[in-house]
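Heads up, the next two complexes both have chain A, just with different partners, chain B and then chain C.
Then we have the complex of A and B:
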């Protein structure tokens, strides 16, 4: 292709660079894209199954054992195979949401940013009509736009399951609203965690500029953030006077205050990491940004 | 060094490859030694806290009688909470050693070297591919065995008398993995799976992901089917049946028969700890051995 035609095309189609950047990003990370779509599909299918046939079969089994009469019976704490299928399904979904921040941080640090800066493909891209700031913006925006709807869909389905009038896990008291996994899966916190993981991964990639160290540091940073927040959670909203700051001392009505304060903290961390990543990149690449 | 000197002293530095592995992975080495030291210090500290923690769990009475301390005094002891959290935290950390090991082995130890071509370069330098892989597997395996094994012994020592109300029952997943030889077997299986994934994918990041996924699946499957690894005991009694405190309950059924409920309980008594440990260790070592053999076979097939 000659310079003349390039210039002519650029003049005719001024919108093509962002679309090209988007297409390149999706093509480069197609494995991750398919993995994410598959993960969302598996989680959604599992929750839909649990909401319908799974719950029906488990309830039929529970009633068949004569357990819904309210009389205390040790056997009712440990129902049969239908309940275990239901239990395993819900556990798998909560496990997916638990792993999501780690996987996102690892991918963002290693594959999205670290590898490109290590192998020089990022520097090459910056010579091709894409400024570093725009390159980074696309790398943050596209995954964020894919992560948010997927995670929200899973959490909405989990919330529907949790609030449905016959949630076995709650009836049998195997899980409570304040358990770490349930608390995150019932609100906007899971989505906030995914975004913070993306931002921390990108920051560690920009800082370390090597795939594997960035992957390790991003995972460690996200794991520390999650564990600190798990310890901090009961203190984020005052418990009723005279009770210690423990999760099970909070009334269930504290779900949204606790959830929103923690989401605010996580989003602030994400915003700070994003801003730092842009600043670092700008300092590295000079005034070209 | 000239070619003459190299030829004259081909075997004076047998540790050269070993040193090269240690130097390439010095960050991982330093980090794992730091983690090992931190865990050891934490376990020694927990052991020193043990007596006070057990005092915080003791029976009490109000007002205090001759044999028993007052309940207010027992309640005032907070060491039991700290001790319990510490023991549970270290149990989880010890039972998850496999995951970082697998990710590192797949990505940094094998995958990156094959991707960058540094492995192929090393094979042109007096090191055969088989020996290269053998040293890459043997050195971390030795360190992992010593490190995990040492922490395992320290953990058993820090758990004191193993009071289930304080440190958890023997069959809790993390407790089970962190109190017996399975901990070492998990770490070795992680290393072998990582090396195999690295040789299959020959790229750092996909190998990291695949070996982590394989380890998660192995860990999850073992946890789910642990109860089937040794024949459980079944006890059937009419009326109320009470299992011993530390029974690992597998199944329970009440069948009303002639007005009296007939209770049938299937469980593992605490004496099944060692058989279950040995079977699980054997399975994990078989996985590790198969993965290692597959890695060597794959390497041999890849070579011209």
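Then we have the complex of A and C:
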């Protein structure tokens, strides 16, 4: 009797293998999942507010001060409280995008991989029916599939804001398209940075196998990458002849060439880190696939 | 289906951060269906051997074959419980069992796992971090048995358990293993803990196999002799000999009849193991089950 019930239970497969692993990962990292969803919601809500009521109030204030008449007026350079709220909101969103790679690298190195290898829960998974390579693939795929749409949604909203409220953003807030924060938030670069941070964090976790050292090295690696890229950025596309390689010497039409070249570099770093992580894990465990 | 559960040939594993190898030139064969005690002093390589068999580590030398294939290919058919019983502290007991189901979709027996948890009076809604060491061991074993393994590798499984729970869980394990013909390898440095439940022995020392084979054959191969100081122990293989006053006590592997001078006694498992632990230079004795059966 026991055997038949066992067989009957076994015949009812509740989940398919890959889906089981993905669901398990979402449950294991649900704190990070909720944190990320919350962060995306806050950033999106802030940008939507800025696009609608925030911009309207700032414009109303601007007009109330008699500043849209065209006559030069020194008072128009000193924004009022409505503009201040608008400006702060946009700054917070750019700050979130700026911090995202650091947070991602720290989490990926420390919590996603390092802690699991340190405590042995990774090895626990590998002695279930999950190969180390599939485990690592899932550990990369699940966060990547959540990071990409979230970051893209924020950058799309920011881009909409940038194109529709250009006067508020550029004239009053003193922002230019080539500022580090604006440049990253307007294209695909913020997403690429987040993915590279994930890959570098995972590699650091796989290499160091301990949560805190992996967290530290992942953050340091991501910070170095960002700093190198910031220095490199103006050189990624030729400036007009006779001008030095500085961001503000690039015409605005260089936005996409510069974005795409840098995105390519960042994604190559991410791919390299990912491949190395798989190789290291395979060398250690000797498991084929 | 093969009749060999684990076979090692020239098996070695080095760690970069340690000077010597953790395992060195290990060769043994464990028949399917046996219950094997893996013992040896601290640092002998017990955990490394189990991790190699579980496909968690790659050997740096030699090969290990598990259930007729590589450990990686046998992953679904074996279970491994590590010494520190790693479980996710943030999950509940029920959540941990669900994790077992999700990670073993093709061979999960929820009933077997739930029964072991229920025997320990564990509330399914308790978080793993709130459990005692022994309760964690119980959950870890429930996961291992829920997988319905053909080979069960247990690293110091009973160390955290009180005597009653130890007795009860050992009985559950052994009954389950006997029912399904599961091969069990159980490491411990408490030899007495293993004697009642095991039929095979693997003794490691400094990364090498010191004793391997069916328990009864290993015991039969050794004799505890007493005599007077100065008595010759030739031609027997001496594992250990001690002289107290005028009395000689020795653990030998008799090469023939003992003769009139020496008195022989059948040693206990603990005596055989301790004699080998005290004399690291004693020659190893590897009895293959196939040869011994002849």
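One rule holds for everything that comes next: the second predicted complex is superposed on the first by the 267 of 289 C-alpha atoms of A that agree within 3 Å, B and C clash if a C-alpha of one lies under 4 Å from a C-alpha of the other, contacts with A are read in each partner's own complex, and residues count from 1 in each chain.
Basically, a contact is a pair of C-beta atoms (placed from the backbone, for glycine too) under 8 Å apart; a residue touches a chain by one contact, two chains touch by 3 or more.
Keep in mind it's a predicted model, so treat the numbers as computed, not measured.
In the overlay built on the shared chain, the residue A:124 is in contact with chain C alone; chain B does not reach it. Between chain B and chain C, more residues of chain A are touched by C. By the document's definition of touching, neither partner reaches A:205: not chain B, not chain C. After overlaying the two complexes on the shared chain, residue contacts for A:28 are found with chain C alone; chain B is out of touch. Contact with neither chain B nor chain C is seen for A:54 once the two complexes are overlaid on the shared chain.
Shared-chain residue A:20: touches chain C; no touch with chain B.
By the document's definition of touching, of the two partners only chain C reaches A:285; chain B does not. Shared-chain residue A:115: touches chain B; no touch with chain C. In the superposed model, A:150 lies in contact with neither chain B nor chain C. For the contact definition in use here, the residues of chain A common to its chain B contact set and its chain C contact set are 31.
Across the complex, chain A is touched by residues 51, 54-59, 71-72, 75-76, 78-80, 82, 84, 86-88, 90-91, 95, 98-112, 143, 147 of chain C. Taken together, the chain B residues at the contact with chain A in this complex read 27, 107-108, 112, 204-206, 208-209, 216, 224, 249, 251-254, 263.
Listed in rising order, the residues of chain A touching chain C in the complex are 5-6, 9-10, 13-17, 20-21, 23-24, 27-28, 31, 119-121, 123-131, 283-288.
Contacts from chain A toward chain B in the complex involve residues 31, 65, 73-75, 77-78, 88, 99, 106, 110-111, 115, 211-213, 215.
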